[in-house]
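Here the chain labels run A, B and C in written order, and each chain numbers its own residues starting at 1.
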Amino acid sequence: MNATVKHSLMFAFVGLLIILDGTTSYGIFSGTWNSALGILNMGLVSAIMALGVNLQWGFAGLFNIGIMGFTALGGLAVVLVTSAPTPGAWSEGGIGIIMALVLGAMTVVAAVMITKKMPPGKQRMLILGAVLIGGFFAYRAIFDPAVSGLEAINPALLGSLGGLGLPVLLAWPAGGLLAAGAAWLIGKTALGLRSDYLAIATLGIAEIIIAVMKNEDWLSRGVKNVVGLPRPMRKEIVLQEDPGFLETAASLGLDPVLASTLYVKITYSLLFTAVLLALLWMSQMGLKSPWGRMMRAIRDNEVAAEAMGKDVTRRHLQIFVLGSAICGIAGAMMTTLDGQLTPGTYNPLRFTFLIWVMVVVGGSGNNFGAVLGGILIWFFWIKVEPMGAGLMNFVTSGLADDSALKSHLLDSTAHMRLFTMGLILLLVLRFSPRGLIPEK
Amino acid sequence: MDLLNAIVALTNYVMIPAIAYGSQLALGALGVTLIYGVLRFSNFAHGDSMAFGTMVTILVTWWMQSMGINLGPLPTALLALPFGILATMGLLLFTDRVVYKFYREQKAKPVIFVMVSLGVMFMMNGLVRFIIGPGDQRFSDGERFIISARDFKAMTGLREGLAFKTSQSITVITAVVVVIALFWFLNRTRTGKSMRAYSDNEDLALLSGINPERVVMYTWMIVAGLATIAGVLYGLDKSFKPFTYFQLLLPIFASAIVGGLGNPLGAIAGGFIIAFSEVSITYAWKKVLGYMMPENLQPDSLVQLLSTDYKFAVSFGILLIVLLFKPTGLFKGQSV
Amino acid sequence: MSEPFLIGDSMTGGYGKGPDILHDCTIAVNRGEIAVIVGPNGAGKSTAMKAVFGMLNVRGGSVRLDGEDITALSPQDRVVKGMGFVPQNQNIFTSMTVEENLEMGAFIRTDDIRETMEQIYHLFPILKDKRHQAAGELSGGQRQQVAVGRALMTQPKVLMLDEPTAGVSPIVMDELFDRIIEVARTGIPILMVEQNARQALEIADKGYVLVQGRNAFTGTGKELLADPEVRKSFLGG
């Protein structure tokens, strides 16, 4: 059996899993198309994230464990781009906040300039310290009143800067840009050092991005969440009142409520598939281009590539920013799909390490592998819980119903997920490090 | 009098908590730095090793409490600690045997080790949550305070109280004892010196007849001890929650890198640098300044540089500065 | 002529599964003598020594120590058998003190090592003065003395030095050669690879000139120094 057939069969298998989930309720399958399409949609988003990580790891050997942060920035972009502008936000503090942020940025730029231009010594330290401390207090002096002014606007519903009220599809590239900016900052610092340092730095920035989103209410309403974000298609309720839609649904023999939810989900599936295919195509083109070959040459032998005059750190920065931007786009798509931004739910285990499992299982260095791994692992991530519950029921079937151990074991099945994902990662790394679809 | 009040407030809210937290970070960073020195990778499962050791200690503590065993004014957890250490040693040696050893024999790149340690972290995390659940657990008992704020006020007549928690004094004393024992071991014993030699120059250590597998085994055992002690002290001082222990990775790594990865002395210094920065940057200085400044200059804002929600940003900021200007750390670390 | 104390006899082999670097190459050292391997760059000098020490695959020929075939032993086992080896680079523990370096050299010994350490301090008096200093802080020549001292701590029956004078100044080089002669006078046979062919052959009892992994010339140090062919090709006239 040649490789292409084998790999096509793998994709067919994943498709079959989704179809089974929609059609039969036997075992782990749910038997509803709503659930099946839900898995597919998040699977597609995961596949895009995996594609971004694969760009960094598979092509360049960069170890990014801050995917969660870039994803969250994408989500933030959705809020900032699409949500309706808060009335009075700009006059009550918005301008002050922007001014404060600009001032803060200028302070940092000034500090960098001083470090670069002045000769090292006591004088430089003193001036640098004065600029940083003075800048910080000036920043706080403008920032704090502006924030309290802004957050005072109808805090139960608004209390944040709001957005630009632009169409939601524009938010996706904006999410990519935001993530790219953060990635540039990290890459500039940590690339060119030991590989572990990038890992630690990305882990850190992700935590901080989440902390900012949780606490800066003026920006993202923090843990109060932003709900009711606009969608790229009509809402279910609107559809259910549209006579044309009802007629079509009736002609297909579908209940109007079910038909409307399926309509929304299928539209998402199509949109996401289009984005995925576009990014996949670009990644493939990139991989085959001289640029992609150079990247892999650098990955395989940095010293040799450097000796041939390649600026390794610069190339790494390039691909790191690109990969993170893709994660940002995926994050924006995910927030759009959810229709809300809930900073409290971002968890590194789910948003960073799960993506890594996808890339490793799919086959690092192979774009198709990343896509396959993304959808497949997402399917299992959803299904590990019913599987674990089934297993636990089986294991504990011998125990008395009122046994404390039994109830503890049954209650803890949710944590089986982490354990299982870790196990899968280790097993694949050990026994099949090239993954399901190996790099060519 | 006001100056005294200011000093007491500073000690109470900044110095004591930072010293206790710094000791906990230092012990954690020592574990990370030892693994880095000997096995040459950043062990991302360290936070979860700490969580595992603490969990076992908590379970044994609960059992002891139910049996009526206690240490009087001291927390029972101290009695349960050796069991936690032994269990963690067992777990770490087991993971080394079934996971890391394979890659060592393959001479895999460090980044592969890091990735593998992520998988281990995942599994340990799942294991801990599976056994004890994801929630908050408090397990300290015995006397809560050596000096409570009220007693202190009564004793001195000052307006400011000074509280000194039992857990804080235990943390500091234990940390000092552990660090002295560790340095004695590394600098005075044959096995300790062989660990340093292996960390310094692997090939030459092999030529000198040092058995790498023994060195690795001892390293994991010591790291298990350090991780469990750090975890239990942190849990006694604050509380135990698996996710918090995972998050401790960031300040711990920052401490180890600031001090210079692979350098034990640096890990200790780094731990205190991070702890003091974190506590003093997130502390609201209003009270202290209020005592020190003349009436009309007293600040009306909290004078808090960053809200406590951003304490990780402090470790991260320091980390970035060190990476930018001195990637080998303040003390000489092993490599860039 | 009796069997030399240590001999790599007709060795053929290379690193791992790579191509052969050595071709039927023979290197030997007799009791109480200094043997030197010289030759142009890339001639396989260090490789030949590493082959004797078991650091590469010897596919043909054998290595014998005191009549015993040790071809199959690992480098670590050869240390136990009494071979001391000083690598060319990274041959000390830089973060440890001089004394600790010596202690680590004696790691495999279980008996009292103080006497050996005194002997080494006697041979290299400067090390005694700097015994509590980190070895990485010493000068190049002093580091080499630490490296040789470390290898001597096992009380080896034969000492192998891979370019001990690489990267040190001519004055230091002369001093190092003096020390090496002193070590040899204590009765330990020495096998050494040297860049500085002339000085090395002057102190050598036996010299091996290697070219492309093969023995080109073999003789006593004096013979080789006198050989017009050797002088022309390798000693610069």
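Everything that follows uses one rule, which is that a residue touches a chain if its C-beta (ideal position, glycine included) is under 8 Å from a C-beta of that chain, and two chains touch if they have at least 3 such contacts.
In this text the structure is predicted, and so the values were computed from the model without any measurement.
Of all chains shown, B has the CA centroid lying nearest to the centroid of every protein CA atom. At the far end from chain C, in terms of centres built from Cα atoms, lies A. By C-beta pair count, the most extensively touching chains are A-B. The geometric centre of chain A is 58 Å away from that of chain C, both derived from CA atoms.
Remark: chain A and chain B have CA centroids separated by 31 Å (rounded to whole angstrom).
Centre-to-centre spacing of chain B and chain C amounts to 46 Å, using the average Cα coordinate of each chain. Looking at chain B, one finds that none of its residues touch two or more other chains.
Against chain A, the residues of chain B that register as touching in their complex are 41-42, 44, 99, 102, 109-112, 114-116, 118-127, 129-131, 133-134, 246-247, 249-250, 253-254, 257, 301, 305, 307, 309-310, 312-313, 315-316, 319-320, 323-324, 327, 335-336. Remark: chain A residues 61, 63, 65, 136, 144, 189-190, 193-197, 199-201, 203-205, 207-208, 211-212, 214-215, 348-349, 353, 356, 360, 411-412, 415-423, 425-426, 429-430 touch chain B in the complex. Contact residues of chain B toward chain C in the complex are 190, 193-194, 196-197, 200-201, 203-210.
Within the complex formed with chain B, the residues of chain C that make contact are 75-76, 79-80, 85, 87, 90-96, 100, 103-105, 107-108, 150, 154.
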